[in-house]
Amino acid sequence: MTDRLSRRQIAWRAARDLADGAYVNLGLGMPVLVSDHAPVGREIMFHSENGIVGVGPVADAGAADPDLTDAGSRLVTLAPGAALVDSAEAFAMIRGGHVDVTLLGGFQVSAAGDLANWDSRSRVKGRLVGGAMDLAVGAKSVRVLMAHTTREGDARLVERCDLPLTALSAVDRVYTDLAVVDVTASGFLVREMIAGLDAAALRAVTAAPLEFADDVAILAPPVL
Amino acid sequence: MIDKRVSGVAAALAGLETGARVMVNGFGGAGLPIALVKGLGAGGAGGLTIIANTLRMIESHAPELFTERRVTGAIASAARSRGEGTAIFEQQIFDGALACELVPQGSFVERIRAGGAGIPAFYTPTGVGTELAEGRELREFDGRPCVLETAIRADFALLRADRADRWGNVACAGSQLNFAHAMASAATVTVVEVHEISAEALPPHGIDIPGIFVQRIVEIPREDSA
Amino acid sequence: MTDRLSRRQIAWRAARDLADGAYVNLGLGMPVLVSDHAPVGREIMFHSENGIVGVGPVADAGAADPDLTDAGSRLVTLAPGAALVDSAEAFAMIRGGHVDVTLLGGFQVSAAGDLANWDSRSRVKGRLVGGAMDLAVGAKSVRVLMAHTTREGDARLVERCDLPLTALSAVDRVYTDLAVVDVTASGFLVREMIAGLDAAALRAVTAAPLEFADDVAILAPPVL
Amino acid sequence: MIDKRVSGVAAALAGLETGARVMVNGFGGAGLPIALVKGLGAGGAGGLTIIANTLRMIESHAPELFTERRVTGAIASAARSRGEGTAIFEQQIFDGALACELVPQGSFVERIRAGGAGIPAFYTPTGVGTELAEGRELREFDGRPCVLETAIRADFALLRADRADRWGNVACAGSQLNFAHAMASAATVTVVEVHEISAEALPPHGIDIPGIFVQRIVEIPREDSA
């Protein structure tokens, strides 16, 4: 079996699905890596819910403006064609269906597309919901990047989420370190798997029924 | 003559007393009114309700608000500190000393905008099916269940922006604006710390917060706002 | 009895009550005359619901910009300190209670402060509601400028409006060509009357009970 | 590459077919998309619903929309012509050929904004007690009765502004903006006629309508837009 994908490789794969001209919001964690791997020749407008349409690369240390941050509080630059707005408008874009794709991190995704990604239930850290619930109900396409299993080996693709939900029936596609899985009306449908993995092995680390596309492709990002 | 300039943080916060509901702008450090937050900490008001996207930066700049238990309520989309360990506000929420209502960020800002726009309540699909909507009123529109959200208003809104004029018109730089426009509209007294008060009126086009939403402007040198 | 006030004199009187620094919206008809009579030394910001805070004087014919109009579609200028916004924000200012005073025209005002000002019930002209309903519920103080009676001599200050309502319990003060009348919890309270008019004469042209302030003043604008 | 520029009115209105719901900006002449309205008139689409603050200026520039009875529905805050006499649209409303929903202007624009912002419905005090709220759902908030208003969306929004860039970012002059921002957000296809398409991106601060809300930009010389 090929090694599981790195976080950057998962991000790279998710980036392949972003169309030229798409408006895309990147969640914290793995999703923010996606902008580093945008396909050459496609102009993708990255939306940040704190009020930027057209986030550019992270600022060079010397030139950073502390009053220009993305939603992850990174000091960023603006891309050509960017627009600065307020949060109410940024969320109008999200809730109103103007953002084509949101890429979110996840703890669990259910076969019905339910997403759990917002609460670690830590005993020492408070709760944080942020904009994920708005993004999950509002973006035209909701795609999740996450490891296929937890560190303890528990499946994250499940029949029903047992962690606090972010949204019901929201997720369209999941990119993991093992596979690309769509959420369809009849449940999970595997589109791509890493080389050497077979259906049985993927089912063994998944806690919900899996269907497989007729043309399951090999998921083979470059070394990143 | 209209002149909303005040001299210094004390004048800017005059009338902010115990029991006040206070909105604080900021996303990351952008637009965070650091001098005003420090002034709030240095003042004596307690029993405060803080309405801010996150409490983290407020504790960083005015820890006495929490060590002295002067914040008793909060509305936020994030009640978590960064890094390891537990912030004071987190511990107080765990202990029940600080009642924090957690709100999805889009509903948070839309509720504040509604407060400023005279809209008492609205429906949104955000949060349906989650524990944040438990026990709340649901209603379907076009077959989609939505939750009823009500407006949020405050006594004070504290903001930071780049520049202003004597009419209270405000212009932001970078991503300072974030929650500031909504908050300015939803507070009885809106105070903006700016790096520069323009002697002339700001150009009418491109103003981020019209002066009608602003009661006080205070000039704070850039080095005191960090 | 002094002559009834002219429209400009009613506007002049209404202008006396505008405080320095007030944000004021002027309705169509008599109210728009008010800005010509603003008291010297007071800076009043005129709000127009099409998206201007700080309307200036009407533009000179030669210098007029056809894309800068007030809510009455007059070609206007901007005052110092003006801000341009969109209609949603302009009405947020109104509905949210940010506009201190709205001056509206009226057909009828009731003793409860109900206002009827929006429909002529013409057989040849369609209906027009505009922003009056928003202004009447939203502005901090709602004041009406109108002739005390119709051309036919019917009273416009009434116990109950029989024309289509604009808003319930909205009006705080009425400026007519005969008097200045407040709407209080117990009905109409006359504050000022033109010289030579007595209570009986005013009651004769009013279709609701009138109380009179202890210190009813003489309403005596300059010739305009 | 993102490039929302189209060449000419026909391309700008492509796909606007019979049965379409069409928003048209404009308050007085400011922001009225005259070339696009004329193009709508010259096109063949019928069974149209026009969502515009007033129908008056639309009839002035494209009377055939009404003489040919191609407008069958309208949502407006004003359904009245200026001056003496009766406009065609007024007569058609009287006759029942044109179903016109009259909406208070503030609720009109807030409903459109809601349509663009994914808010299906909201409560407002505007109109309560008037015939425009008759038979409608009322509910009290803080003791004040409010009426439920629902979002408005459209297939097309037609706007006019001063300038734009290839990303669809739009900047207005004077009071052109009026309903344009809300309408741009609430339509499936938003078309903006501008006097100038900038070769460079517009400055990120001071954009009136971000390109994310705009699908097509068409350059119309100033003299053809009057």
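Side notes on the structure shown:
Order of writing sets the chain letters: A, B, C and D. Residues in each chain are counted from 1.
Please note the rule applied: a residue touches a chain if its C-beta (ideal position, glycine included) is under 8 Å from a C-beta of that chain, and two chains touch if they have at least 3 such contacts.
The shown structure was predicted, so the numbers you read here are calculated from the model rather than taken from an experiment.
Relative to the C-alpha centre of chain C, the farthest chain centre belongs to A. Compared on C-beta pairs in contact, C-D and A-D come out with C-D as the pair having more. The geometric centre of chain C is 29 Å away from that of chain D, both derived from CA atoms.
With centres taken as mean Cα positions, chain C sits 36 Å from chain B. Chain A and chain C have centres, each the mean of its CA atoms, that are 56 Å apart.
Within chain A, contacts with two or more other chains are made by residues 84-85, 91, 94-95, 138.
Chain B has residues 110, 113, 117-119, 124-125, 172-173, 205 in contact with two or more other chains. Because contacts link the chains in a way that matches no line, ring, star or complete pattern, their graph is best described as other. Taken pair by pair, the chains that touch are A-B, A-D, B-C, B-D, C-D. Within the complex, the chain C residues that touch chain B are 20-21, 23, 43, 45, 47, 53-54, 78, 80-85, 89, 91-99, 137-138. Chain B makes touch with chain C in their complex at residues 1-2, 113, 115-119, 165-167, 169, 185-186, 201-202, 204-205, 207, 210-213. Those residues of chain A lying in contact with chain B across their complex are 48-52, 65-71, 73, 84-88, 91, 94-95, 114, 124-134, 137-138, 164-168. By the touch criterion stated above, chain B contacts chain A in their complex at residues 27-31, 54, 77-81, 85-87, 89-90, 93-94, 100, 102-107, 109-110, 112-113, 124-132, 162, 172-182, 208, 226. Chain B contributes residues 110, 114, 117-125, 141-142, 144, 146, 150, 171-173, 205-206 to its touches with chain D in the complex.
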